[in-house]
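One structure coming up, written as structure tokens, with questions to follow.
Chain IDs A, B, C and D follow the sequence of writing; residue 1 opens each chain.
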Amino acid sequence: MQPFLAHPFDSDRLHEECGIFGAIGVVDASNFVALGLHALQHRGQEAGGIVAHHPDFGFNSAHRFGYVRDNFTKPDLMATLPGQLAIGHVRYSTAGTKANTAIRDVQPFFGEFHMGGCAIAHNGNITNAAALRRELIERGSIFQSSSDSECIIHLMARSIQRNIPERMKDALRRVEGAFSVIAMTRTKLIGVRDALGVRPLVLGRVGEDGYVLASETCALDIIGAEFLREIEPGEMVVISKGQIESSRPFGPSTGRFCIFEHVYFSRPDSIIGGRSVYETRRQIGVELAREAPVEADLVCPVPDSGTPAAIGFAQESGIPYGMGIIRNQYMGRTFIEPTDQIRNMGVRLKLNVNRALIRGKRVVLVDDSVVRGTTSRKIKDMILDAGAAEVHFRIASPPTAWPCFYGVDTPDRDKLLAANMSPEQMREWIGVDSLSFVSLDGLYRAAGEAAGRDPQAPRYCDACFSGDYPVAPFDQLERGFRMKVGSETAVKQAAE
Amino acid sequence: MQPFLAHPFDSDRLHEECGIFGAIGVVDASNFVALGLHALQHRGQEAGGIVAHHPDFGFNSAHRFGYVRDNFTKPDLMATLPGQLAIGHVRYSTAGTKANTAIRDVQPFFGEFHMGGCAIAHNGNITNAAALRRELIERGSIFQSSSDSECIIHLMARSIQRNIPERMKDALRRVEGAFSVIAMTRTKLIGVRDALGVRPLVLGRVGEDGYVLASETCALDIIGAEFLREIEPGEMVVISKGQIESSRPFGPSTGRFCIFEHVYFSRPDSIIGGRSVYETRRQIGVELAREAPVEADLVCPVPDSGTPAAIGFAQESGIPYGMGIIRNQYMGRTFIEPTDQIRNMGVRLKLNVNRALIRGKRVVLVDDSVVRGTTSRKIKDMILDAGAAEVHFRIASPPTAWPCFYGVDTPDRDKLLAANMSPEQMREWIGVDSLSFVSLDGLYRAAGEAAGRDPQAPRYCDACFSGDYPVAPFDQLERGFRMKVGSETAVKQAAE
Amino acid sequence: MQPFLAHPFDSDRLHEECGIFGAIGVVDASNFVALGLHALQHRGQEAGGIVAHHPDFGFNSAHRFGYVRDNFTKPDLMATLPGQLAIGHVRYSTAGTKANTAIRDVQPFFGEFHMGGCAIAHNGNITNAAALRRELIERGSIFQSSSDSECIIHLMARSIQRNIPERMKDALRRVEGAFSVIAMTRTKLIGVRDALGVRPLVLGRVGEDGYVLASETCALDIIGAEFLREIEPGEMVVISKGQIESSRPFGPSTGRFCIFEHVYFSRPDSIIGGRSVYETRRQIGVELAREAPVEADLVCPVPDSGTPAAIGFAQESGIPYGMGIIRNQYMGRTFIEPTDQIRNMGVRLKLNVNRALIRGKRVVLVDDSVVRGTTSRKIKDMILDAGAAEVHFRIASPPTAWPCFYGVDTPDRDKLLAANMSPEQMREWIGVDSLSFVSLDGLYRAAGEAAGRDPQAPRYCDACFSGDYPVAPFDQLERGFRMKVGSETAVKQAAE
Amino acid sequence: MQPFLAHPFDSDRLHEECGIFGAIGVVDASNFVALGLHALQHRGQEAGGIVAHHPDFGFNSAHRFGYVRDNFTKPDLMATLPGQLAIGHVRYSTAGTKANTAIRDVQPFFGEFHMGGCAIAHNGNITNAAALRRELIERGSIFQSSSDSECIIHLMARSIQRNIPERMKDALRRVEGAFSVIAMTRTKLIGVRDALGVRPLVLGRVGEDGYVLASETCALDIIGAEFLREIEPGEMVVISKGQIESSRPFGPSTGRFCIFEHVYFSRPDSIIGGRSVYETRRQIGVELAREAPVEADLVCPVPDSGTPAAIGFAQESGIPYGMGIIRNQYMGRTFIEPTDQIRNMGVRLKLNVNRALIRGKRVVLVDDSVVRGTTSRKIKDMILDAGAAEVHFRIASPPTAWPCFYGVDTPDRDKLLAANMSPEQMREWIGVDSLSFVSLDGLYRAAGEAAGRDPQAPRYCDACFSGDYPVAPFDQLERGFRMKVGSETAVKQAAE
């Protein structure tokens, strides 16, 4: 299987590590989960899993590499997942996983406790996972996977609480970092977000008594579910027999939602934090046009993620919008490039320039972000080869200068272009006539904060731009990661 | 394998039946062919084949179901296709083919003649294939496939000409209909178009002495080939040792290029008939805005094929352009819909409405064509469900009222909405506030004919809109198809 | 994959549930393990697994359904299993396992302890597994599989001992039943047999410092290893750096080796308990000829397991030996039988009668055992259809009247023909001219006990024939199994 | 898929190239064909194909690599082959076939003629195929495969006869060599043998009006069909509506049946030429014991093909029979042998010596033939390693000194041990205490000719032993093959 990618230069993008979905109170819940995961496929393409429960047949599960549509559409497979309660997970592949063991790393994870079974699906990253794992192994737990998320189920197995929701609270209080978790017992569907609510989680209703939990609202739309509300930062909901119980196991807290969900991860048709992702992105384009105007003949998106911002930029600037770059809809992750003649044509496999449109024009290219910068250079080359008069890059996010430790796959800091160059150095290295990033304040304004970012109490987690980590990355600090000077609070917190 | 589709409602679209590509004078020609076919994948997704020739290893071939990227990227397979001369074919599946025999129908076809082998790849449709097949079988030919294109190779095998190019001319003079053919012998790459040039074929150069033939220029771009020119209607080129010989085996003729290539089949970044497909489509939008203006708040394309026309419509009308419909990039051809709750949600698997954008707006939806009309109804439902105030459909082609017999998979006439309803009936049936198709003259203007369509000598084949068939569909007439009253010329021609 | 079977009427045979193999001190140990498991394939055909350790690459594992030869021969897979230390397991499928989870049940099992990893491969059956599992789950262990053998690794994880061999002793002292276990740490290969030594385990040397452990000696032969000795009942060996340490963790004990290994499970070319399996089987034939002589023209084995006993019977009786039944070498587990005409021909798919040889003769058929008896009836029918004058069955084991709880897959007691009929009733039901089983004493004589079975201290476990269970089947008793009257000792033991 | 083999040293054996089967007048004929082919699997393991005809669904076909049991047992596949008339073919792989084209070489072949379709399955070899193919291509036929058998269907397509049976006679009169052919039209099942009847073909009845044709009688047994008779040399039968018409299209002739079918190819439970194959083989052992007696302690077959002759040898000589070599039932064609330690152990993967039985004994090994001799050397080594006192080889066929051109895959003459060495040289090269082959006369006696071979009119084709080719190998002579001095008759015949 050769999966294709949401962004044509996927290897030069940040990646969400997963999408999660759960359904209760609906006939053939696993089919709903399959549909929901299909809608969340952009959050993880490597593998997926579903666990379902049926009173007569107990817990059943299937974990598969590849797309949801290629696995969880087969009647033979789906028939093995009966019941009105199911959860599922799609995951992005992280580097270095060994091919012959990795299926064990595909969630949901399952544990049989003496009061019954429990499956969990986790989106996020546990910043003290290494320490927790060490402790659990010393006490006799046997890990099945190399996934940090497995800590949660072992912590639950060892909890002295009497029922599964209480055990989950017990476990998650030991866990640091960012997480949205969907879990199920034989009779309950459970959803939790960490105290800061870094990763998204929404609640919907389907039919009379059916409820679903999902990473994004687009996964509600696909099954025609009604969007009820977001699970709040620090909230746990336990759904059973049409009743929803809410609690706040981590005490009161203020959210710090991941702003990059607005920039790139989430689907444009999702609503997050009460805002349309599409509209936020379009507004970023508007902000960019105001902050960094340029005389030009054509505004082109780098497909597909730059499109809403490019539309906004064109609308604000009055420069015509056009499809200067055409994406091959059938592209795959790899393609042979065996001869000297063919080598280095990687970019054209996925994108082609609309030469007739570009020729002789001053072109504004709108992209969502710059990570390593290698892609930007290639695209610039393509545009110039096609005869553009000028190339101006406008980036719909601030410079990405810090790695994320909360569930996003980021290169090491020394690979991040913005961690090593000034904007002018970046412009020169990429080789364009101008390069501008939206400001952090501009991004906040586009995301609904009219006053921009409040440095004392920023509404979002923006660590990848600001280096301001709301949760100390414990394991990383142990491994020698150095936080930004001035982040003493977090460092102290970590030391405690 | 679950291929996904160029258009979200693929079953309600016309389909090109194939794309063809050939390369000579380049190292590892089969890799070039693989890349070219990948760029032409939109012309046929069901299966593909490559034949290559190497002086030491002779002819080798591989035919596979599925995408180019999933098969012809495997080093093990490509290593079996050595040589500097290769041709290939991608094909769209036609209904009713039996799964366990169809690989024999995948081109290129190969025949061993006593002067050496020959492989051919055919795009188009032979309108007298049934009659030819009957005759050939009576004379002792054994057909390997159910494909009409196989007639060509059998006609060549029986030709009394001395060399393969002459045999090919001999054979193609017996063939009626529309065809672009790429063929190869041990030393020659051959390209031919029928006298009317209904289907496209272009010539490019790569490196010093390398030449390529392709259905569209986008397949030249992917390998960095220089676009030299189109093969002319009625022209045959024979390329060998860096030399190109041109001849006109069918005598002088005037082209009637398929206008639907501009509307839908070809990729927007291709140049055909000297025109940018993207620009033609954008101009159709401009024409539509002039012919059928409407007061509205938002212009949305039906992704992805409606996009250029929507951009043109927005630019001409001044109504803002927006992405009101979001396409799932991971959609497949099928998805289970097993319960009543889930049934009938087919559309949302592939598309989702950007509800926040649509709500309360008067929306102009721009789509490329209406075939059965079922899709238009579903999209209208989605848009209204999302709270649109009004829905106006603008179609970037005239009503499709006649089947194509020249290489496009069209429903029977009684399934074509426009063959059975007036525009107003169609509007009512679809259930929208207004519905307008671009006029045939408007389409010709967008395609570069400032004066519109010349009924005496139309520049394009537009039979699917006009019922004016430039070549009598012999086999179809035998099966009882009734041409439009007034098409006596063609009928007479068929009788001769 | 359609595995074929060691015996043509496999579903009417008892089955060994696994074969185990380990190697240390050899280059590419996993290849040795693959070869050893291939030689032990008759002990389990459903699935196999290998774990290997390399100082640089740590522990790696692969578990696959199907034959060793179809999986562990692939260079790509074997390259993922580097190192000089490896263990492996082949397993027979037990009824009722769900297809989509069963790969988790394939051994070896692996656990990461804080002093390092440990993998184990288990042959046998734990008679108190259900109780152990219940206890472990209550204490917070999470089981990965439905296999009873997993208890061992969890018991080890919770042991308070400091090193892995001691933890293994600790764990196995809690385990009741029959087991031969091969385990590995990063540096050690470990072998253990339960106190009664019910299941086999042998030690061999290969090259200078290489050692191997295997279920049978035939797995030493395949790699040219020298057979050193059996691991003794109740013995543990720990092999490291060319040194073998032996200990007796369960105190002094007397062996009760499974006599059915001699009758059917083991390969005829293996040496077990100091005896050639082939010779034991041939001697059973000799005993049968003495105990139950008959006038006849031909002695035929039921292929393939009855062959040595048939040779012995022919030699002792002087009746000519012949291949009256020919086995199809390409048989599979299933074959369609869709029409009335074809139905009920199951037997002939696998066996055919050598009609020319059989016709008109008085035939002695020698088979290894009678379980349900259905096979015997079908074979009798075939032989009579072919024109035999008389059919005499001679069975190379006593009547199988009791289920095995020590690692052999046996039908429930009410399915065992001998549990429900007298020998004469069996003869009548099968429909043959005579039917004789070797006596239990005769079997012991053939197995080297000149005086026959000593009822006070039988040398072998013969529970399947005698109902004398040397270890109380704890879980089974809990589920309501009723032991033979007079087995009070075992029952008491169970109650403690 | 890793097929396993009928003989453990398959690469050192001659191979039948195919088995054929046809059924008419039975419900679901393709199932009968599948069963028949399964019984004939020993005649060809690489691939198989079935063509079936149903009045409503026409001709359908399936061709697959691998065993019959792995493909033609799948209900989904078999459901695509409806009808009461079907034929099939299993084939042995010949060297050098390219993997990506070979499925086209799998029979049956099908041709559509204007009087309807026809499928054929061919066992044998056409000695003038190259010449025929050349001629057919010159006349405009296009070959689909690299198989010589395809000539037959093209000759039929070009015949001027009016119906298919007459066209088949027409075609086969042009064909030289050895062939048994089963063919089918929409309503008829046809069987033919060449004038000499070199390859076998038998006729059976099943149910009331059902008839089957098969290579061997064992394929009748599996479906419970009654063996009616052999098709005679030079006979054609046409079966339709329960009627059998017989004709002799090649005039009167005397048969020369392949004697190697008795020695090795056919299954021991088949009846050919009115004789039991098993009994012939046992008698060869008897002849060997008379011709080449030896003092010894044990007679062992080389499994499995040497078994009947070993039984005969033991019975005639009075030396005890035993299983000195045990075959691994799960062996595959390949197994990795990557390290020096493991290298050269190939033999033990498939066979193991029963050391306890062999040690100290003087052993007579009975094998069916010696081709290259490499196997015999390896087996000798194994037996001596196990401690045998003496090793005596007795071979159940004369020295194989000439290649077969009539449908058997033989090495070139310079690879045949007996073509290059005297018996004493062979004994020395193999390294055994004695080596004897049965004489050609002895073989004829065992095959029912009490007077031995009549050199003027031998009953069998024995060219592989005698160099006396009953049909001149036209293509081979053209390629330079030199026949035995004194075979002038055949050479003359070829020159005509």
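General remarks:
Convention: a residue touches a chain if its C-beta (ideal position, glycine included) is under 8 Å from a C-beta of that chain, and two chains touch if they have at least 3 such contacts.
As the structure is a computational prediction, the values presented were derived from the model and not from experiment.
Each step here moves to a touching chain, and the least such steps from chain A to chain D number 2.
When chain centres are defined as mean Cα coordinates, A lies farthest from chain D.
Centre-to-centre spacing of chain A and chain B amounts to 37 Å, using the average Cα coordinate of each chain. Separation between the centroids of chain B and chain D, computed from CA atoms only, is 51 Å. Within chain D, no positions touching two or more other chains are listed. The list of touching chain pairs reads A-B, A-C, B-D, C-D. Residues 1-2, 4, 6, 26-28, 31-32, 34-35, 38-39, 41-42, 45, 67-70, 73, 75, 78, 206-207, 210, 218, 221-224, 267-269, 271, 276, 278-279, 282, 304, 307-308, 311, 315, 320-323, 326, 328-332, 334-336, 338-339, 341-342, 345, 348-349, 352-357 of chain D touch chain C in their complex.
Put simply, chain D touches chain B in their complex at residues 60-62, 77, 80, 98-101, 111-114, 134, 137-138, 140-144, 153-154, 157-158.
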